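One chain, chain A, appears in both complexes that follow, with chain B as partner in the first and chain C in the second.
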Partner chain A sequence: MSTATSPLPPKREITTKPRFSDKVFRAVVTTGGFSSLAILGLISLFLLYNGLNVFRTEGLKFITGFDWIVPLPEEGLPAQYGIGAMLYGTVVIGLIALFFAFPISVGAALFLSYYAPEWLKKPMVLVIDVMAAIPSIVFGLWGFFVLMPHAEYWAKLIHKYLGFIPIFDMPANAFSRSPFIAGLVLAIMIIPIITSISREIFAQTPLDRVQAAYALGATKWSMIKTVVFPYGRGGVVGGAMLGLGRAIGETVAVYTVLNIVFDIRIEVLLSAGGSVASMIVNKFGEANPDELKALMASGFVLFLVTLLINFLANFIINRTARE
Partner chain B sequence: MSQANPVHSLANVAAARSATKEDHHIAGTGIEAKNIHAWFGDKHVIDNVSIDFFPGTVTALIGPSGCGKSTFIRILNRMHEFIPTAAMAGEVLLEGKDIYQSGTDVTKIRLGIGMVFQKPNPFPSMTIKENVLSGLKLAQLKVSNQNELLESCLVRAGLWNEVKDRLNEYGGALSGGQQQRLCIARSLAVSPQVLLMDEPCSALDPGSTLRIEETIRELSSSMTIIIVTHNMQQAARVSDRTGFFLSDGGPGRLIECSTTSEIFSNPKDKRTEDYVTGRFG
Partner chain C sequence: MSTTTIPRPSKPWGINFKQAIPDMVAAFATLLITYAIVAYTPLKGKLAFVIVLLIVAIVTSALISGIRRDRKAALNSISTVMVYVAGMFVIFPLGSILFEIIKRGIGGLSLGIFTTDMAVTASDAPLNEGGLIHAIVGTLYIVVIASLISVPIGILTALYLTEIKGKAAGTVRFFVQAMSGIPSIVAGLFIYAVWMIALGIQYSAFAGAMALAILMVPTVARTSEEVLKLIPNDLREAGLAMGGTQWRTVAMIVIPAAQSGLITAVILGVARVAGETAPLLLTMGGADALNLNPFEGNSSAIPFYVWKNFLLGTETSIDRAWAGVLVLMIIVLFFFSLTRFLSGRKGRV
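For the complex of A and B:
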């Protein structure tokens, strides 16, 4: 037996000498990995650099203010840039979209995972994935020409029966191009991503738990409630966040069906709303150089918001995957 | 001695086991499998197996891997049909009624015929207490005194003393053997007449295996138990009757089914003798 005083040997350094081919491959993948980081960093730097002056002059008012005033040069007045109403509007239409898309997506994912007959599964998954690939302007045009007339009718019904709730109130008879309609169009656009993430999570539910539930006399619904939902909760919430991220960043579809107004209105059926991304598109074409910088600053803020939501979504999904 | 003649030692175990069960009274409901065939796709995996499982007995199903014994036990509570290509023929009679009859409520069948799986599978998002009572929630059953039921199930599963002070901890915090006994307790909570066990000890250490075997012996006075096992010693220790399954490369067949002492001391078929003496398998 060794005595207690005998010294422990020093820890050895364990290394390997990589082969040349390994080194080349490593260089290639490292470049790939870092280039996405670099692109992300450069874009944000570009936006920040161009918008910095606006941030300096407007300060916090840029986030909280409601006014976007671009005076004519001969007036000689200072410009005012505030995207508070746009940020508020973005969140509102994102939440409306989520309100409609979330139950539909989770329902579709459950149907595909546990109820759909085998022959229907593949074509349905394909159709849903194709939905994600449709260009957003197509959704916008469809929303404008097809959905809007119907949605206006629904909005009138909602106002008629639920008008006592402040958000469904209507100060003027203007039901078209409202946050409600923009939210509906966005809902359809984010259904595919929430559905496919939910479906993947549901499909990973450990089979032994599913069988344990059935062996205890569970019905399909009680099995789903007891086994599938607790397992998939985090992933589904993460999927919803990714959908929200997409809704917030969506530009042209919202631009087509939303009347952008620099004002905070709680009435979601009223033809006045906001969206940072659509506002940028709206103003971009005829902006003067100074205003252009303000738009870049808006882009930077939007970029931060979507980044934050995506990070949050990934965090939630990863935390669930580890359980 | 046991080294020299394994047949005798196992036969002794089986004989000692039946001696302790002399005064054993018949309880529970039997279950009868008649002319069972099974397929996965086009592959015929079980060929014409009929076994009558008597009320209040423990029947062990033994045989080498791939002989269809796990498939067979899953047919007994309609878990077989979860595999997409699976098909079956024959009848399974519980209280004289065919559980595969069209129009049968399969959730009711599974309430009457509980199952314990190879790998312990407590629900990880539930506490020990919630796990035991999960069957009530899943099958939408009401019970007047939940705490009484909780205690009696855990006592019968031989787990009460180890967990009575930590009922609100998560089931995943228990050891493998304790988790398996938790799964047994969970099955007992919906008071099945028949309990199926599909190699319940194959993932457990010897100590936990012995505890589970004690539990099985205690339960056998009140219900019909069918246990699939790879372990012949286990079959000899816990069962009253033993069925030997074998596949010759084709579908699995029941070679013989008799009292356990008969199978281990005086098997009728040469292949049974070869298997229980360890000549193959």
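For the complex of A and C:
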């Protein structure tokens, strides 16, 4: 029996080569993906370009000096730009904010992870998320009108009982708009950040270790001390650094509650402090073109510092989360 | 057939009434001691009461646990009290903020402020004159334009990270993470450098929107990435197995599946930037009159309106600022609850 052998269809070409539409798709998506890198690059480029002249004339004095002198045109004197005092002030209020926010945030994260009753967890997480969503101008107004009267009273108490310590000394009776108060407002602003990151890290603690600790008869606190803290240390530190980055870049809320003075003072309760970001807004309004260049240079420094802190913080958090 | 009665489950590890007596006595004693200290020593006031209460509570709870068991138990109770206090501290500021905003802002709220601007109103004019329609329109403009710019960039970034997974995905993810931390004032300075110095264009709502877009991109990108990661790989493989190209698979399967999550990402970005103030101060000019053209002329936004009235410092302008804060908070919280609602619904499907 013979059957007509139908000719086999020609072999299909099997290829992994993407079609034209896919090539376009991949090109578009890749371009989009790299655009955030491009934006970051452009930001540093433009700020650096505008501030270059100031960096060149001031040199290292731009970072270390603490005079910001803009002479009138008829005086013919050279202008002096130095943000040393502002950088110092930024670090001071950032550290004050961390001093208050860090223990409270870690405590609150522990509370949410290991102490809170089930019914309370959800509303409290909601509260923290809402707080993270509040605009900084709201914190600024609240800080100025509501918190500051209280904080001044607390500052007076601190000065009265701890005034012998140099940083709580007061050369003048001016307690309002001090780094202490700015630090308090910033602390409230960064608590949600540190709390939510710490909580995420604590939630990743291996359950078997937790249960093993309990099975060995550990109290809750010894369990936390021996299991949760060693495991989550990196993440908590990273969260604190993210909070510090936010505190350093905060502009409006600090501006309302801080009296900006170009001077390095060690007294934190005194109504004189500094913040690079707020200084930029403060000087921006009536800046001449030359001074504007100096503000751009300050913005570049601020950009670099926050970017660096964020890089480091994310690096630490990612490493902890992966382990 | 005998019916077996099932015994009620008991909790032998629970604390019965008799065991709880010392705790209750201790709690009562704590209050009493605190009250006595505040009443009979120079430590006065609410603040002193709170601090003394905290210290006395720590001491008594540590004493009780120490007597009952050992040093470890005492340490445990000290830490428990402190953790509870930290938990309370987190709730307290939000309560105060919301309360004060409503208390101080409600007086300036009236129908008139949604229909008039501040063009012909003096800073110390009574509250029933003038309004913030110009600021509301400005905020609307900048939020919409910022979304139009940043949403494509953000979602493309997320697609790059989840669909293409190129060699540079790790680097891009890292930079996007870092980008969400750049200070808002820097974004404003950047737009000022490009828009006003390099191109020589005047203040406008569009310039403000571009500054906000920079701040919005990382939020949208990161949230979208989280959402796209949740789409099961089976869907993608099914699409490819049916002979679809990657482009068709992403456009017709992945994105529709992730739709509500992506919308959440966009709204989250909007909530993030709607209240931003600092970049607007450098880019928008801050008008008092209604400006319907987003590409030309000074315009305002609600945060800018609040800022301006706060700096004016007269009694009525402060009231106006609080009213502006109230409106701003209502808008932000509206977007916030919208994201909650949408992501909650997504979980049900």
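Everything that follows uses one rule, which is that the second predicted complex is superposed on the first by the 293 of 323 C-alpha atoms of A that agree within 3 Å, B and C clash if a C-alpha of one lies under 4 Å from a C-alpha of the other, contacts with A are read in each partner's own complex, and residues count from 1 in each chain.
By our rule, a residue touches a chain if its C-beta (ideal position, glycine included) is under 8 Å from a C-beta of that chain, and two chains touch if they have at least 3 such contacts.
Computed from a predicted model, the values in this text were never measured in an experiment.
Once the two structures are overlaid, the count of chain A residues touched is higher for C than for its counterpart among chain B and chain C.
When the shared chain is aligned, chain C comes close enough to touch A:V146, but chain B does not. Of the two partner chains, chain B is the only one touched by A:D208; chain C is not. Within the superposed three-chain model, A:I43 lies in touch with chain C and out of touch with chain B [touch as defined at top].
Residue contacts after overlaying the shared chain place A:E118 against chain B, while chain C stays out of touching range.
In the superposed model, A:F303 lies in contact with chain C only, and not with chain B.
Once the two complexes are laid over each other on the shared chain, residue contacts for A:S222 go to chain B and to chain C alike. When the two structures are aligned on the shared chain, A:N288 is found in touch with neither chain B nor chain C. In the superposition on chain A, chain A positions 219, 222 are in contact with chain B in one complex as well as with chain C in the other. Residue ranges of chain B in contact with chain A, taken from their complex: 77, 79, 82, 84, 107-108, 110-111, 114-115, 117, 119, 121-125, 134-135, 137-140, 183, 186-187, 190.
Note for the complex: chain A touches chain C at residues 18-19, 21-22, 24-26, 28-37, 39-40, 42-43, 46-47, 49-50, 103-108, 110-112, 115-116, 124, 126-131, 133-142, 144-146, 153-154, 157, 188, 191, 195, 219-222, 224, 242, 245-246, 248-252, 256, 277, 280-281, 284, 292, 295-296, 299, 302-303, 306-307, 309-311, 313-315.
Residues of chain A touching chain B in their complex: 118, 206, 208-209, 211-219, 222-223, 226-227, 230-231, 323. The touching residues of chain C, counted against chain A in their complex, run 47, 72-73, 75-76, 78-80, 82-87, 89-91, 93-94, 96-97, 100-101, 104, 152-153, 155-157, 159-161, 163-164, 166, 168-169, 171-172, 174-187, 189-190, 193-194, 197-198, 214, 217-218, 221, 245-248, 250, 271-272, 274-278, 281-282, 303, 306-307, 310, 318, 321-322, 325, 328-329, 332-333, 336, 340.
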